[in-house]
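Two complexes, one shared chain (subunit A), two partners (subunit B, subunit C).
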Partner chain A sequence: MRRNTGDHVLAAVPLAWLAVLFLVPLGFTLVYSFGTSGFGSVTLGFSLDNYAQALGPLYLQTFLRTLAFAVGTSIACLLFAYPVAYAIARRSGRFTVVAFALILVPYLASLLIRVMSWQILLAQGGPLERILRAVGLLRSPLTVLDSLPAVVIGTLAVYLPIAVIALTVVLDRIPPEVVEASQDLGARPSSTFWTVIVPLSRPGVATAALLTTVPMLGELVIPVLLGGNKGLFLAQAISTQYAQSQNYALGSAMVVLLVIAVGVIVALLVRLTRGFDAAGAERGAG
Partner chain B sequence: MTAPLVQAPVRRPSVRAARLATAVALWVWYGLAAVFLFAPIATAIAYSFNEGVAGKQTSAFTGFSWSWYAQAFTDPTVRQATETSLRVAFWAAVIAVVIGTILGFELVRNPSRVVRRLLAGLTYILLIVPETVLGVSLLLFYTQTRIPLSEFTLVAALTPPSISVVAFVVRARMLTLDPSVEDAAADLGASRLATLRLIVLPQLVPAIGAAALIAYTFAFDNVVIANFLSTPVVNVLTVYLYGTLQYGATPAVYATTTIVFLATIVVLAVAATLLRTTLRLRGRIR
Partner chain C sequence: MSTRTGVDSALLTRTVSRRAVLGAAALTPVAAFLAACSSTGSGSSATASAKLTGQLNIYTWPDYFSKDDLAAYAKKYGVTPKISTYTDSNTLFTKLNSAAGAGYDIVVPSSGWVKQIAGKGLLEELDLDRLNLKNLDQSLLNRNYDPHNKYTIPKDWGLLGVVYDPDATGGEIKTWQDFFDAGAKPAVSGRIRMTSAAEETVGPALWVQGKDWNTKNLDDIKGTEDFLTGFAKHVKTFSAFDANAMASGAIVLAQANQAYARNAILLNPKLKWVVPGPTSELWVDSFAIAKNAPDIERAYQFLRYQLTPTVQVNETVFLGYPASLKGLKDKLPSNVKESDLIFGGPDVDLDKLTSFVVDPETYPTFQDVQNKVQAAAGA
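Right, the complex of A and B next:
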């Protein structure tokens, strides 16, 4: 009995802290999203005007572009990462640690150092343009910077390690006996890959998709630094509402839409893996 | 593994050749990924020595210079922002470690299944909610409750994501601890608090140390949350650098991030060593 109360008091500490700094602020955002905005002040009420505006002609495109960007870049990231993770997990022999560390070290560097250099690499007269010209792949000046492709390249570079880590962990755990069994039964290496490895790596694919798509939906820094700060994506639109227009109500509605988009994607991925994440959480907690 | 009974024991040469080709393709792909990830970091380091034009960074390398490092160390703004960053990151890490450790412990040991699931849900949500959502919600919360933005509000804002990371690291270690040892201590008359202090905490120390360093680097490197909650008075290094990068950076910015990168690698190498000690301990116990 004494033990129970002690544990509940302990559990109340993180709960209270996170309630004040996470749940209550989110509640504020939800409430304010239904308010009516003046400059820097909000009259609370129940109005759907902010949502109408956030999904209206001006911002609907931004919302859809953000969704397409996050899903598309995440898929590209997974396609890029899968062979890398496969090489590390199943073909690196005694160099596994080195091969893994080489991918991990860039991930540990700060976001700014990994993003800002693309401003130089992709710029006109920059290193990439010189290399492409020297090889003869490019005649005209390189005009990638301050556009969507530059944002995609920068985002791929930032999120690739996360995808590789999530996939490697799962690919590494596939028992060699399963692969040997399929070979003994006469499967060619390619059919072993498609019928044994790929299905067994599904939890890793889902985790990697989750850990890339969700933060990409809210990505702010990379589009600002590489996309020419043209307000390409939702996070920039939100940031503008708060920092410049002082339209907190509209900004809050956009945040709520962003959270809904995140929720839908998480739900889809959890369903795709037949509740893998929930089962894992329960096992871990129990 | 025994030789397959039906098939010929020696693989056909065509299969072997295909296997070799696959391996080569995989490692070429891996090499591309490594180059893609290291190119920006190498560029940042190289261009921190670039002379630039009229004090601005340029995409072409105009000449070698050490002077930006001297400037990075003497510039009063950089200096002050770095001091603020170090202080903010320190306190954020301290709070995140205390609360995250309690959370990680209760995720495993709380007697109530409902509480465990509630805490686990909260921890998972924190891990995936986009930083933009957190930053903006907290800004709204602070301004509407008229809590003035200060160093403390920034510290508090940086804790929620760190808390969930610390909780996961501590939880992983907790899962390897045998609860019957704690029961034995209780049977021998130790209070719950004494059990925690004398039995549980000492075994968690390496995990907590590693988690602390991860929390510290997270808080130090954070751009998005800090961007919403910093003020002209409370200016952290990342936000200062982020601002300069939007309006034409000096090579001194590259020198500063290079120094930060090297310092981060050292700190995280210590964290990795601590984690490895934890894993080795776990191996011995099992």
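Right, the complex of A and C next:
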């Protein structure tokens, strides 16, 4: 009984923290989203006008474009991250820590510094152009900066470490016995990979997808710095409503819709992570 | 969180930092950006205890006062000004409009926002008898955003102009129509920088039609949408001005203020600068005293100090934007490079320029057009 009380107290601290710093502001946002906006003020009430506007052609298009960007870039991120994670988890031996460090060290630098480094690298007349020219792969000036491909490159670079770590953790937990059993039963390495390792790493894939897609939906810095602030993304649209138009009500409605969309994505991915406990339990039993 | 907000705001506005360092050919947007970020991060907590601590609390753009002048003021009056910073006018408005905005003595609103901020009762009415405005450039006084200088006096000013590579545009640019025509040429298309400030995108399209950008008519503003979204495909970036991109030729035609243009021209002397006709923007960043300022006496003392001719010259050299002193051009030290450009070039007539005034009825429509233009540019 006493132990239970202690547990509850312990749980109450982070819960209170979460309630004050997350749920309360979110509650305000929800209330504002039904209000009527003045310039830098909101009159509370119940109106669905903001939602009608947030679902209008421009913002709906912006939402779909942002969703396509986030999902597409997240998939690309996973495709790059998987081989790296596989190598670290199953092939790096005593160099695992070093490999992890190499992945993590850049991640410790501020996001801005990393994105701006890419701005310098990709600039016309910059280092990448000089390298490509030197090896004969490029004759004309490099014009990739301030375009969608530059945004994708920067986003991949920024989110790759997260995906690698999420995948490595799961790949590392796949019991060697399972792989050995597959080989003993005559499976070729490629069949073992596709029929044993990939399905067992599903929770890692889902976690990595979650940890990359969701923040990409709210990405603001990278499109501005590498994409020339062109081609509206959702975070820019929301930020404009709050900061420029001073329309907190419409901004709030857009935030609520985004939170709902993120909720749906999380729910879908949570279904995929169900195998996680099973994989861990097998190893524990083995 | 405050840092993050500052960063985001900085990204979205035309000016990362209003200050363009004199002769700072090496000033990259990266450096300016980092400077803006760090200032925002470190300077976001003014206190209301000015009287007790002998402080003067100033809320302003990053790097907007010469440190030497501040030190000299501190030495003379025994008060070290405490500086907090914002990176766009919206932040100033939002903060003064909230409980967090208490405790500032001096604020530096931009001309466009003075009416909104004063209208909310957030600025003290100035007693002009306590300030000597006779030495100031009279063209900067009594303008549309603050008739009779009821709330503000000019600190420094800038222009919206165009910096371009005449080889690419194939000729001179004299008007905004020339700007749009040049932008559609093959050698220029895809190498244009426009600002992300909605009024500076919509404004030129209105001026081309002979219309006023302070119009109350929403149809006039919406009427620019088709033209501008059509033009958007030629634009490479709406991000912060990058002098290096103009030096490398990645950008050959850009909207810019005179200080940014000067940086680019110092890097690449073949570039040209113009303030296009029939009209363009004059923005004036202005001194004001915050409502319920903890120490109004000291605020006036600081303003009088700032208006002394020596300080006005120092501030101009430091900022790369002209302070408001009459005849300032002739008083600058002779070693200042391209000093004409600080004043927007030899032919600028301030009386022909117009200042934007944010109007809650029309401003969201400006933003809508801007959003659509930026969306179209990336489509």
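We take it that the second predicted complex is superposed on the first by the 253 of 286 C-alpha atoms of A that agree within 3 Å, B and C clash if a C-alpha of one lies under 4 Å from a C-alpha of the other, contacts with A are read in each partner's own complex, and residues count from 1 in each chain.
The rule is simple: a contact is a pair of C-beta atoms (placed from the backbone, for glycine too) under 8 Å apart; a residue touches a chain by one contact, two chains touch by 3 or more.
Predicted model only: the values in this text are computed from it and were never measured.
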Practice task
Scan A:I197 for contacts with subunit B and subunit C and give back first, second, both or neither.
Solution key: neither
Handout entry: Touched partner set for A:A237, first subunit B, second subunit C, both or neither
Key = second
Practice task
With the two complexes superposed on chain A, say which partner A:G125 touches: subunit B (first), subunit C (second), both, or neither.
Solution key: both
Handout entry: Winner by number of subunit A residues touched, once subunit B and subunit C are compared
Key = B
Exercise for the section: With the two complexes superposed on chain A, say which partner A:V259 touches: subunit B (first), subunit C (second), both, or neither. Expected result: first
Exercise for the section: Considering only touches as defined above, state whether A:M116 meets subunit B (first), subunit C (second), both or neither. Expected result: both
Handout entry: First (subunit B), second (subunit C), both or neither touched by A:L78
Key = neither
Exercise for the section: State whether A:T143 touches subunit B only (first), subunit C only (second), both chains, or neither. Expected result: second
Exercise for the section: Answer with first, second, both or neither: which of subunit B and subunit C does A:L167 touch in the superposed model? Expected result: neither
Practice task
Considering only the touch criterion stated at the top, classify A:G251 as touching first (subunit B), second (subunit C), both, or neither.
Solution key: first
Handout entry: Those residues of subunit A which subunit B touches in one complex and subunit C touches in the other
Key = 112, 116, 119-120, 123-125, 220-221, 224-225, 229, 239, 243
Exercise for the section: Would you tell me which residues of subunit A are touching subunit C in their complex? Expected result: 38-40, 58, 61-62, 112, 116, 119-120, 123-125, 141, 143, 145-146, 148, 220-221, 224-225, 227-232, 236-237, 239-241, 243-247
Fill in the blank from the handout: The answer for subunit C against subunit A in the complex is residues 7-9, 11-12, 30, 33-34, 37, 88, 90-91, 93-94, 97, 116, 120, 190, 196, 198, 232, 235-239, 244-245, 248-250, 360, 363-364, 367-368, 370-372, 374-375, 377-379
Completion exercise
Interface with subunit B, subunit A side, in the complex: residues 2-4, 6-8, 10-11, 13-15, 17-18, 21-22, 24-26, 28-29, 32, 42, 80-81, 83-84, 86-88, 91, 99, 102-103, 105-106, 108-121, 123-127, 156-157, 160-161, 164, 180, 183-184, 186, 188-189, 210-211, 214-215, 217-221, 224-225, 229, 235, 238-239, 242-243, 248, 251-252, 255, 258-259, 262, 266, 277, 281-282, 284-286
Exercise for the section: Mind listing the subunit B positions that touch subunit A in their complex? Expected result: 1, 4, 6-7, 15, 18-19, 22-23, 25-27, 29-30, 33-34, 36-41, 43-44, 47, 57, 59-60, 99-100, 102-103, 105-113, 115-122, 124, 126, 128-134, 136-141, 143-144, 156-157, 159-160, 163, 167, 171, 175, 186, 192-193, 217, 220-221, 223-224, 227-228, 238, 241-242, 245-246, 249, 253-254, 257-258, 260-261, 264-265, 268
